[in-house]
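Consider the two complexes below, in which subunit A is the common component and subunit B and subunit C are the respective partners.
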Partner chain A sequence: MSLERIKIAPELYDIMPPEYQDLVQRATYGKESRGWKDIGTTKELIEEHSLCAGCPESMAFRYILASLPNPEDTVMVGSTGCTSLVFPHVAVHNIHSLFGNQNAVASGLKRALALRFPGRIKDVVVLAGDGATVDIGLDMTLQSWFRQEKFTTICFDNELYANTGGQESGLMQKGFVAKMAPVGKTFEKVRLPEIARESGCHYVVNCTVSKPNLVEKVVKNAVYVAREIGPTYIQFYTPCILEIGKNSMEGLQEMRDAEKPNERFAYKEYVSDAAKELLAEIAAKEKERKAAAKKQLAGQNA
Partner chain B sequence: MATSSYKVLPGPEHFLPPAAAAMGIRLPNPGEAHIHGEIVPEEKAMEVAAKQFLMAKVPTIFPGPLVLWAWNEKAAQKAKAVRHLFETIKECVTPSQRPMLIPMPDYRPKYPKINPEIEINPNHPNLTIWHNKIDTCMFVGVHCHQANLSLKIIRGGTSCYTIAMCAQAGHEDAMLSFRDATAEKILKLAEWIKKLKGTVGPSQ
Partner chain C sequence: MATPSIIGQKNKKGQVYTDPWYMLHEAPRTPSFFTGSEVIKEAIRRASVDVMIAYPITPQSEAAALIGELFAEGYVGDYFRGESEFAVMSECAGAAFGGARVFTTTAGPGTMRAMENFPMWAGSRLPIQMIVTCRGINSPLSIQPDTLEMAYLLQTGMLVWHAETAQDFYDWILKGYMVAEEPDVHLPLALCCDGFFVTHTKDMVELTPADMCLPPYDPYRSPVPCMDMECPPVRMMRDPFVMKSNYISYATHASWQQEVWAAVERSRKHTIAWLDGLIDAENVESDVVIVASGTAVSQGREAVAMLADEGIDVGLVKVKTIRPWPGEEIREATKHAKHIVIPEFNIIGWLAREVKATIPNNERVHAGPHVAGGMTMPPEIIVGEIKSLLGMKVETLATRGS
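After this line comes the complex of A and B, so read on.
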């Protein structure tokens, strides 16, 4: 559908930096089956990032971008934090909101897009850290869910304020001692997935980003449900390896440990009845599409 | 209207040069341009701009997104004209001069760095100018608010002579600014450069 939308003037094509040439030639826009397996094939899916080496957030960012079902018509709303260092590298429209305001900005944006482009699918995805989602922006986060705003909220939960040196956040686990929270957390981790469910979210998932397949499925589901039914929420564990004293290569294992049964990021999902119905319909259509593609391929090879 | 005594001259002025508009510099009317803040007929500005390109050691054009991306027929025509202007500059300068055509593809604040050899970023245009030792540049197809930002930064931190080929009402913060830019106007500037070829050269 949309590689047609972006064309470089032919007379100036040769002077464009290579990432822009790649963007208009080989971006995954419009590819129905785009997903995490496309990572590494095009520069548009964050070829380079400016986060720390081995940062699980960089993995999460790539998986999410590759999984957006409609990237050319998606606007991402970010907030202050490490994510704001990656957004400049992202070939998807994005807004950097004032710290904590992301869900309020997304609410207005989603409504404005619906008025400005009636009949065209426009997705809005909020991507913010735990400080912006649960502490500073909790009011905006909850109010958008109460109002049943139709967009997806993704929280990168690293369980502290990593970007500013390790202060305590509401999503930090009880008893954790951070560099700038030496006394240790004295109360339990805020149970935002449960709060999201009670606040009206139709699709809620709490997990880590250790399994790209799962991240892809969850992100796609959340976007589809938000598009048709109402708010959705995903809480991804993206540990800050620096702030929890790990090395670059230890992020993946940290996530695997945190997702074991009874651990705080054991896979948790809540789907409303309306969302279940919608996702079943989408799954059936997808199955049909794959069967047709397989049949066509078999026909070509015959 | 009272004329301002302030002159928009090549810098480096200082880190935070005042906005030229705040110093009383006004924009030209249709058919006019401004040089250092003084309103002049457009033909005069064509001549001065052409001379600037011919005298510069590294005359450079910075095309912005409005001409780099073929988003409508007018943009495509302007892109053609920009290329023609660049080729004309290349033909008309001496071998010691080094004309450049460096794009400003978008306005993202790129971290951790840009590659100043292949692009210019409005948030730190001085890096590209310093790196390539650019002494005269022309902005074309850059959205006004980003052009204003860049022109001020350039004036603050470099000695580069700035020309704005603006499609709207012009830029006070450029040392020389055209307004209502069209493909024809860009081609006309190329004609002026051809006409003045050999009359001026780079300073030693």
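After this line comes the complex of A and C, so read on.
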């Protein structure tokens, strides 16, 4: 999509909703250096959210949307759960169809877009909860990786079924007492990042969303690698403060505690050789760009 | 209908994008001796399909694999084997959301496994075409012809057509896209046939020229936005309706369901034009009229001929579309009938239920004969039931075991 597409005809400007006027004037579509630092200074691609106050998932949503490298040509695929309450507020095209079929939908979508827009970038990003990714949708999650489908899968791991009221999920920790796990979960947290690596993902990261700059980096890397090479997977800890008995302001600390060394969300990544090469190339270009900009700036000041 | 600018241009295989009405009604036809599965392949060769997603299940596996050959030859844009019917139908949805013309095939337990997708397809207004080669769905396992699965498709909001012959199949696959993709319809189509009887038997089929094909699908004629970020990505709603317990959210859902079913109704005028009516009626001035769909029509036609030899006059109604339901047409065609006989290849008799719910004095409906689980339906059974209804002595009543 060209930025021109969303511009409003002057005659109709005053009858468009203020959010849309705002989107045209101040959103960061097409801005090469867009990132988490735009948050609060420009129009964000998420208008407002209907999640609980202080929900880390809402932070994750804002960081991810600020970090997408080209939202003007990105389509997101969601699934049922808390994320499906947010997507209707998001200013990129997004699909919710059923619970757990997100990677299947994304497979068809990515192929259709590749056919219809040869030579153009059309990124597809899946964003779904852990129930959708690991339980009901695991088959389709893995099969899309086996097939080397070129899109990014992001899992919001809150270690339970939050939207239905806190039931056991496959990514829940062993021993945690929850609805449907009345005597505590009897088996270990499913090791999806390791499974993702073995299933053919070229870039895998497991971390929390406590640091927006880290979220920006891994989201951009995941999208770039998916675009050029093959499937990528990010598992973000977005704790459900409600269901683990925390207060609204305690989400950030919960994530910081969970990412300490040897904790289950200590930063962990896997990058295939092909992806390493690509990311190094991108980093070199970025360095070059920055150096050129600096030089130009110095020239202007001289 | 055709996008005028593209008509006359060639695709990468050298086929000419042809006005669909001309291609299907006026272009020369070549008689060819093909199985039903091969006929599906030949129709898709000419259908400008972007994406086909396949999964093996008898009796559609052959057709699904043949479309793969078309992909290898370059006639289909993309093709792959999915992991299950549920996933395949979601993959089809993704491709259709992305603006592709999509084709798939399934059967029996596969249809049931995929079922959650079908109301989603209809609600999302995705004009996917799915061939259903009907087979048994219940335990004990059966791969044999049985049309029970169609009963489940009737309430999904999809268009549901029931082909009798390979020729129907050939024409309706192509015509199906024309109806389903109309902006005021834009719904998925389940094009059903009786497995094996149609897919695995050879028949003479009149094919349109292989160098003519349908114009490509134009996703911007859809009544809902195509998910390709080529149109403004405003927020869809100020508040997501899901899980809001208020009247506006109920009314929104209810009105969209009404709209989906209104779209099924609006498909009527296009379907009547393309299929030359939702039913075919022959000799319906008779006291006895057979109403049937699919292969049961062929068996009914045989029974009509056998009874005619004995001087018994019987009419025949071929029901071509189940959704939209040709209620008025059937009321009109059966208004003189004292007995309405409805032979079916399933145990519950869903066609008879639909007819009974439609016509006045429905005690005239004789639901049967029914065969199921792969049994054939010799016309003698239909003849026997009709004679018995007329109070005539019947030598053997195959259905009653006497």
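The rule is short, and it goes like this: the second predicted complex is superposed on the first by the 294 of 302 C-alpha atoms of A that agree within 3 Å, B and C clash if a C-alpha of one lies under 4 Å from a C-alpha of the other, contacts with A are read in each partner's own complex, and residues count from 1 in each chain.
The definition used in the following text is that contacts are C-beta pairs under 8 Å (C-beta built on N, C-alpha and C of every residue); 3 or more make two chains touch, one makes a residue touch a chain.
Predicted model, so just to flag it, every value in this text is computed and none were measured.
Asker: Looking at subunit A, does subunit B or subunit C touch a larger number of its residues?
Answerer: C
Asker: For A:72 in the superposed arrangement: first (subunit B), second (subunit C), both or neither?
Answerer: It touches subunit C, and subunit B stays clear.
Asker: A:85 contacts which: subunit B (first), subunit C (second), both, neither?
Answerer: Touch partners of A:85: subunit B and subunit C.
Asker: Based on the superposed arrangement, let me know which partner A:255 touches: subunit B (first), subunit C (second), both, or neither?
Answerer: neither
Asker: So, A:279: does it touch subunit B (first), subunit C (second), both, or neither?
Answerer: neither
Asker: Give one of first, second, both or neither to describe whether A:128 is in contact with subunit B, with subunit C, with both, or with none.
Answerer: neither
Asker: Counting only touches as set out at the top, which of subunit B and subunit C does A:93 meet: first, second, both, neither?
Answerer: Only subunit C; A:93 stays clear of subunit B.
Asker: A:116 in the overlay: touching subunit B, subunit C, both, or neither? Say first, second, both or neither.
Answerer: second
Asker: Taking the superposition as given, does A:6 touch the first partner, subunit B, the second, subunit C, both, or neither?
Answerer: A:6: touches subunit B and subunit C.
Asker: Go through the superposed model and pick first if A:234 touches only subunit B, second if only subunit C, both, or neither.
Answerer: After superposing on A, A:234 lies clear of both subunit B and subunit C.
Asker: Name the residues of subunit A shared by its contacts with subunit B and its contacts with subunit C.
Answerer: 6, 17, 20, 50, 85, 88-89
Asker: Provide the residue numbers of subunit C that touch subunit A in the complex, in ascending order.
Answerer: So the residues of subunit C in touch with subunit A come to 50-51, 53, 77-78, 80, 82-84, 86-88, 90-100, 102, 116-117, 120, 124, 225, 227-237, 239-240, 242-243.
Asker: Residue numbers of subunit A touching subunit B in their complex, please.
Answerer: For this pair, the touching residues of subunit A are 6-12, 15-17, 20, 50, 85, 88-89.
Asker: Taking the complex as given, what residues does subunit B use to touch subunit A?
Answerer: My answer: residues 63, 67-71, 75-76, 79-80, 82-83, 101-103, 105, 108-112, 115, 118-119.
Asker: Which residues of subunit A touch subunit C in their complex?
Answerer: So the residues of subunit A in touch with subunit C come to 1, 5-6, 17, 19-20, 23, 47, 50, 72-75, 77, 84-95, 97-98, 101, 104-117, 122, 139-140, 143, 147.
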